[in-house]
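Below is one structure, written out as structure tokens; the observations come after it.
Chain IDs A, B and C follow the sequence of writing; residue 1 opens each chain.
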Amino acid sequence: MTTAKPFRGRMACALAIVLATAGPSAAEQPLNVLATVGMIADVARGVVGDCAQVAALLGAGSDPHTHRATPADVRKLAAADLIFYVDPALEARLADVLAGLSGRTSTVGLARAAFEPALLLEDPDSPGTLDPHLWMDVSRWARIAPVIADAVAARRPDCAAAMADNVAALTGQFDALHGWVGAAIASIPEARRILVTAHDAFGYFADAYGIEASEAIEGISTESEASIGDIRAVADFIIERAVPAVFVETTINPRTIEALVAEVRARGHDVVIGGELFSDAMGDDGTPEGSYIGMMRANTITITEALGGTVPDWPEALAGWAVDRGISR
Amino acid sequence: MDDHSLHEPGHALHVEDLTVSYGGGPVLWDIDLDIPPGVMCAIVGPNGAGKSTLIKAALGLVRPVAGHVRFFGRPVTRMRGRIGYVPQRHSVDWDFPASARDVVEMGLYRSLGWFRRPGAAARARALAALAEVGMQDYADRQIAQLSGGQQQRVFIARALVQDAPILILDEPMAGVDAATEEVIVALLKRLRDAGRTVIVVHHDLTTVRSYFDWLVMLNVRIVAQGPVARVYTPENLRATYGRQLAMIAAAPDDALP
Amino acid sequence: MSVLADLLASHIVRTVLAGAALLGAIAGMLGAFAVLRRQSLLGDALAHAALPGVCLGFLIAGGRDLGSILAGAFLAGALAALAMMLITSRTRLKTDAALGIVLSVFFAAGVVLLTVAQARGGAGSLGLATFLFGQAAAILRSDLWIMGGIGLAALALVLAFWKEFKLVSFDPDYARALGLPVALLEATLTVMVAMAIVVGLQLVGVVLMVALLIAPAAAARQWTASLGGMVVLSAAIGAASGAAGALVSASTRGLATGPLVVLIATAAVLVSLMVAPGRGLLWQALAARRARARIGEGRVLAAMQGLARAHGDTGYATEGGMLATALGGAPTPARLAALERRGLIRAVVHPPETTPHWELTAAGHAEAAALADPAGRAERSP
């Protein structure tokens, strides 16, 4: 009898070792999914669950318009099994790298993959160029979930069923969010329903929620320097339309907005900085604003309160989300 | 080292153990030099002998690795303004927006003190100095428009205006026409006769005996020094300029301290 | 004009104009000394070296505190200046090599810090890249106070130590021999240049700042004969370039102010190089042309006089073809016309030949004789 125990012990050890080193077979390993911006990554995590590991290339405060690929970025991109990005109109400096990788890695440009042309808006300053800030309309952004699920399912067919459930759940959440945002904006008095920001990131927001996104100081991309003429034009607009508040963004130099406010005030009108908006990046990781829902929630509250509207109650469908993050309704 | 008692006050210039090196071999080695007051002294030697370096080290523009220098017994820091220095003409970019008078007035900047501008008195002194070198008609001329000889005379006038007991000139006759050279030599002799000490780094051996009464022959080391008649000999010339006494190579015969 | 009045009525235009003019004046004044000391590129090195200082100021103190950013820029510039001094004094490298090394190393460090800050994200990275090329439109009134303060300090120093700066810029060796604290004075000048750069970083950025130091001074040099005149004119040209750049960029949308200011200042240099009396290229070309014309005319006169003497006839009518042969090529009609205008030759008819002929007037004979005897002429002239 004494010899059997050690034998079983040894077998158990060996089995454990084999299992530990072999790990799950290749077909069952989590897919390495890389998204450029956090807005994609957050949604993708909700879709794929355990089926894939999702990471974001750009963090909070990083401007996708101007971000150049560092060698570390290129390594991450090269190691990924599946890459999601929005459109070269957004990740302008990464376009070359992504094009180069598209031969051997699956890269999905969500703007073209998830949206019919009819749903896409143009850059107001240069017709023919796409406005890539699609995440600003929750109902539009919800469409990327099934596209992400399909792309992952192509590699991990076993996950398809679980992901379908996730997509359905997410869609429910996004519907609720979309309605809530619409209600919040609608509560703003009509004369004051104007959004003045540092750059033209809110076209889809305006289109979806019935607010006017005025001409911003910088255009669609932040690559160009704000000129005096630009600031004066926006100041003219603010005075003409009696806009009560303007908004800074987390990825733009706030001094540009401060210069705008100074110009408006010097001409005898009052305007305040209504708050900071998340435009091209979400908030810091770990904060509620570091998620897509949290980002839209924060933006909506900031805009609504600054322009004199009333923020409606947080929808039931998202109650769980709020509790998870320690937010009281 | 910087004692305030006078050390060798009888000599206009007293140099002891002076050694200057720019990181490689020595440019000046163990210089012992005594120049009496009231002479017109020439410092001669081949190219690379260290003549300009000797001047600059004496004036504190270059740091020696050993040795000390005294002017009338005082270190140079206590003789500032009382030594009229005329640097080499090409050490300066003459395309500077200034007139001849402006440059000469620079010699008075120290005596004017901080925060004062040259006034009428200073301008008059500058004009007088220009007259001494024969340049009074060019007082308002841009220095860029002056000829080489005229620029040299402006430099000398700048040193003159300091009214200093010692004048040190670095190759004042180089690249200058014969007429200017005559003017300069006559002026220097006048100054010597008036009791000042004039020390000149001189490049032209043929005129040493007619211009100067004291001679220093230098080639990294002092070869000879003393009254011109005694020192200007064929042996000394060979020793200074001959090939066998090239610059001291890696192994000087005295042990380094 | 109403466009101008309209522009000037705008608060932001006035702010940027004041800032740009102030910067232009300061950079022009201090740049004059840098150019004369042949240290123009020192300004370039200091400006590029400021980038890591800006980034560190940003990272440490947060993006909104201009004071800490400028302090960081200033300290980095001072460090760079010190590094250059050490390199030139301790090694065998000359100023230009030391400058190139320090500029590259500091700027590269700055770019690395820039990407680190941007990758890290968060509020610390906002607007850093604007320091590369400036963002003049974001100048605030509060910034003007800092700039004005620095400008006044620089002006006070320049006025107080005017003659010392003049001598140190012209002949540092003589200054040292005279007992002036040359190292301290040169350090002061360098520090002032660093201050000017710090002022200019927001407006024109690191890359273009050197142009503002060099261009107004280079332009002013062409017009004046005194240091005072050059410094004042350089400040004026700098201020005018700044103001003009601000106004032009404000008149339409999408024009960056900083680069425009630099373009205008550079245009001022080009114009000055061409047109300044005495030194300008155009003047020199004109003077050369005049000299060539005189020589050409002299040859015509000499040839005609030679022929007249050979024929023993002061009224000898020279045929055009003979003149061409004597001179190795026909004189241009313009040249003959000029000689005629000066009363030195006249056209005559010499029948039976029908080709043009010319003869010397009395004045022409005298002129030709004088040209042949320059020594005699020198005695005659006062």
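Note that a residue touches a chain if its C-beta (ideal position, glycine included) is under 8 Å from a C-beta of that chain, and two chains touch if they have at least 3 such contacts.
Fair warning: this is a prediction, and the values are worked out from it, not measured in the lab.
A.B. asks: More C-beta pairs touching across which pair, A-C or B-C?
C.D. replies: A-C
A.B. asks: Looking at mean CA positions, which chain is nearest the middle of everything shown?
C.D. replies: It is chain C that sits nearest the middle.
A.B. asks: Computing the C-alpha centre of each chain, which chain sits at the greatest distance from subunit B?
C.D. replies: Of all chains, A has its centre farthest from that of subunit B.
A.B. asks: Any idea how many Å lie between the Cα centroids of subunit A and subunit B?
C.D. replies: 77
A.B. asks: Report, in whole Å, the distance between the mean C-alpha point of subunit A and the mean C-alpha point of subunit C.
C.D. replies: 51
A.B. asks: Can you check how far apart subunit B and subunit C are, centre to centre, with Cα atoms defining each centre and the answer in Å?
C.D. replies: Each chain's C-alpha centroid was found; their separation is 36 Å.
A.B. asks: Quick check on the complex: what are the subunit B residues that touch subunit C?
C.D. replies: Where subunit B meets subunit C, its residues are 23, 56, 59-61, 77, 80-81, 83, 85, 87, 91-93, 96-99, 102-103, 106-107, 109-110, 112, 114-115, 117-118, 142, 158, 162.
A.B. asks: Can you list the subunit C residues touching subunit B in their complex?
C.D. replies: Touch residues, subunit C against subunit B: 36, 38, 92, 160-164, 166-167, 169-171, 173-174, 176-180, 221, 224-227, 229-230.
A.B. asks: Give every residue of subunit C touching subunit A within the complex, in rising order.
C.D. replies: The touching residues are 10-13, 15-16, 63-64, 115, 118-127, 129-130, 133-141, 246, 249-258.
A.B. asks: Applying the document's contact rule, which stretches of subunit A touch subunit C when the two form their complex?
C.D. replies: 58-63, 66-68, 70, 224-233, 235, 250-256, 258-259, 262-263, 266-267, 281, 284
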